[in-house]
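What follows is subunit A paired twice: with subunit B in the first complex and subunit C in the second.
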Partner chain A sequence: MRTGRFLWLKRSSAVLQKDLRVEFRTRYAYSTLMMFAVTVLVTVSFSVGGMMLESDIAAALLWIILFFSAMAGLSRTFVQEEESGTVVALKLAADPEPVYLGKLLFNIVLLFSLAVPVVPLFLVMLNLSVAMPFSFVQVVFLGCLGLSGASTILAAIVAKAAAKGALLTVLAFPVLLPLLIGAINATRSTLAGVPAEVLRPDLSLLLFYNGVAVTASLLLFEYVWNE
Partner chain B sequence: MFWQTVLGIWMAAVIGASFLLVPPTQGLGELGRIVIYHVPAAWVAVLAYLMAMANSVAYLRKGDLRLDRQAQVNAELGTVFCLLATVTGAIWSKAAWGWYWNWDPRQTSIFVLLMIYGAYFVLRSAIPDTDRRARLSAVYAILAFLTVPFLVFIVPRVYATLHPDLVLIAREGRQLDMDVPMLLVFLASVAGFTGLYFWLYKVQTGLENLLHKQALKRGEEL
Partner chain C sequence: MVQASVAVNDLTKAYRYRRLFSGLSFVVEHNTVFAVLGSNGAGKTTLLRIICDLVPPTSGRVEITTDGRQFDAAERRAILGLVSPDLELYGELTALENLEFFAGVRGLAFSREKARELLEYVGLKGRGHDFVFTYSSGMKQRLKYAYALYHEPRILILDEPTSNLDSRGVALVEEVIRRQRERGIVIMATNEQREVSYADRTLSLA
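Entry: the complex of A and B
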């Protein structure tokens, strides 16, 4: 294959563009994800009724919603390749690493475009005020990054397995638990308001988790992708 | 046969000694005896899981299906011992703290270990093709194991633990704060459990290899 500067980047963005175009034609993954998130959000909001929630509980609920919504939609990008039989063509067209990076970027875009309407809606429906808005956005950003970072390779695994339905949730939960614990803890702090030093360890945990998850996935993706 | 007999006698002696020789521990009283069983079981679980991880890495490098079977056996044995550690821990927790389960960080991390390998077995059962199963489950085992350091270092920072550290042993600068008879029985138990693990491992891998051979033979006959 050709070598050159930013070749990985170019190829990954080509994969990303292809995925975005496919997604834009059917809007299947996004609408599933969005409707799922809204359903869970409304269920939560409805069942807590008019109660004023403590920031502890609200933070946990927010991440439960985001976690399950992510699990409902993130495996789509690989499953769709297997189902439509385009996986062979993609294997011929690109190295594993650009494919992984492209899919990762796609999942990040997908999850961000979900979080942008859902998180404010969550705050509105549960009548929450955020004491540290800037840090709160940071935490949600890093948390969503981590959710997609760790689940993309798992989605590739799930796409090759027989039972695709609930498998991603089962596989992803133990892997994502450190991230969720960190994100919930940080969200609670930003909702309630704490000094910046208290928040910093949680933010660096989220950052490190992202680094480890993406690096390990890059190294291991080849074994999942090639047969 | 000889080593099995030795192992049987050894473990019987450890069980006897744990009640007869070990004095009640300071602070925990009679409950402290659990350390003779609980800690070695947890140790063997971690050992088996580490071996499973090592086998998975080796499988991805070499592609030898025997390594995959070894990883599977190690994961199974690890899960058995992990369950033993969880259950003995929960019973002890009921006696010492009043709850069987209260999401103490130690309980959280051992529970996540069980979840990881539960998911590992689900994944294995979801893939019929042998090579594909071996490769994908190896990747998952490695990924999942990478989260363990996060749990070990992060969770206890968020929630305080009540778990007595294995560290009955290193308290207030004094190394090995166990009575001599207790320490001897404890080490004997660790050795016994480790021996038990290696014996089970030998038997299980032998069995899996035989089953594999038989499957191959059937395939040839057809």
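Entry: the complex of A and C
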């Protein structure tokens, strides 16, 4: 007999599979994310020229690119449901929590598939070396997780609004500010190379933020979804 | 046999500048086809959406019971099926993938055989592997019936049930309504005389 927990996972996985299948066939969200990220990356690279960037500036630039790319593409998961009218069929068939989890997992996959080529490209194009590579990967991983977590619930909130794109960025900025500050600090530390205890508070902040973002979103999503 | 009923108690729906209906009360018992009539903008679709828990009422409530037990919002999803012009299925998926997805999010085991039989029943035999965006509006309407019937709902809600359908499609709807009457309840919003003739009871919204 299936338990309730496994049923939840099965339902979330159905949402994830459907979104991946649709995205694979249309490549709408991924193209948006990728084109935005590469355009900004090339612009930044040309602007900086051959200059050697300080680690704090490089860290800020990396997260600016990831933040705005995320804002450009992560809202699609809910906006598409609203615009195509499929949201009614989905609401009638699915409980809110599996929908949120499925969409969150989809956004995580989407953002990671962006970060995997863009972050190394960023390092190469800006001629940066990473003093603590393992910690750097950890920071990018946790930062992207937090970006996806908070953006997913915000995307659900703005999906019904008229000016969705602009609204998501404006709403997301204050919500994501603690995450961005922590991610920028931690990235700067990993680029420059610092003792592990200096990095730990920022990593803890990222972990804590992710936990709070996902838990709060799971609790609030039902109200957003049914509104 | 499980007996279902829908009780609408003192229901009012008003938007900021307009009251659609107020103090609406009725009960739809098992084995009943109930038609909601009314001119455009009278609130027929809104009433169906409130029954499906897609829109909150301004006041009043809808109670759905089977064998005397009331269903909450989450449980309602398992016993309600909806066909409506507002409802769309995923164009980038095939008909079978759509049915598989909705079975998955409902937590049901997907049976390809059952899905094929259902597609054949609604007149989409051999079209299960076609993307839905390639379908005509009539075929999309037929697929909505497959979506609404896959989980064998006790209560079937139909908004303009024969819209976009040809004469064979209209006969299909008649057959669906006849079968559903034996299994539970049909509540439909319509102004078509032919559809009204299927109903056991009607309600007219001013």
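Operating definition for what follows: the second predicted complex is superposed on the first by the 222 of 227 C-alpha atoms of A that agree within 3 Å, B and C clash if a C-alpha of one lies under 4 Å from a C-alpha of the other, contacts with A are read in each partner's own complex, and residues count from 1 in each chain.
Please note the rule applied: a contact is a pair of C-beta atoms (placed from the backbone, for glycine too) under 8 Å apart; a residue touches a chain by one contact, two chains touch by 3 or more.
Quantities reported herein were computed from a predicted structural model and do not represent experimental measurements.
In the overlay built on the shared chain, the residue A:R21 is in contact with subunit C alone; subunit B does not reach it.
Within the superposed three-chain model, A:K91 lies in touch with subunit C and out of touch with subunit B [touch as defined at top]. Of the two partner chains, neither subunit B nor subunit C is touched by A:L110.
Within the superposed three-chain model, A:L101 lies out of touch with both subunit B and subunit C [touch as defined at top].
Applying the stated contact rule after C-alpha superposition, one finds that A:L154 touches subunit B and leaves subunit C untouched.
With both structures placed on the common chain, the touch criterion links A:P174 to subunit B but leaves subunit C unconnected.
In the superposition on chain A, contact of A:G182 is made with subunit B only, not with subunit C.
In the superposition on chain A, A:A58 makes contact with neither subunit B nor subunit C. No residue of subunit A contacts both subunit B in one complex and subunit C in the other. By the touch criterion stated above, subunit B contacts subunit A in their complex at residues 60, 112, 115-116, 118-119, 122-123, 126-128, 131-132, 135-136, 138-140, 142-144, 146-147, 150-151, 154-155, 157-158. Residues of subunit C touching subunit A in their complex: 52-54, 73-74, 77, 80, 82, 84, 86-93, 97, 101-102, 104-107, 147. On the side of subunit A, the complex with subunit C involves touching residues 2, 7, 10-11, 13-15, 17-18, 21-22, 25-26, 84-86, 88-95, 98-99, 226.
Within the complex formed with subunit B, the subunit A residues making contact are 150, 153-154, 157, 160-163, 167, 170-171, 173-175, 177-178, 181-182, 185, 201, 205, 209, 212-213, 216-217, 220, 223-224, 227.
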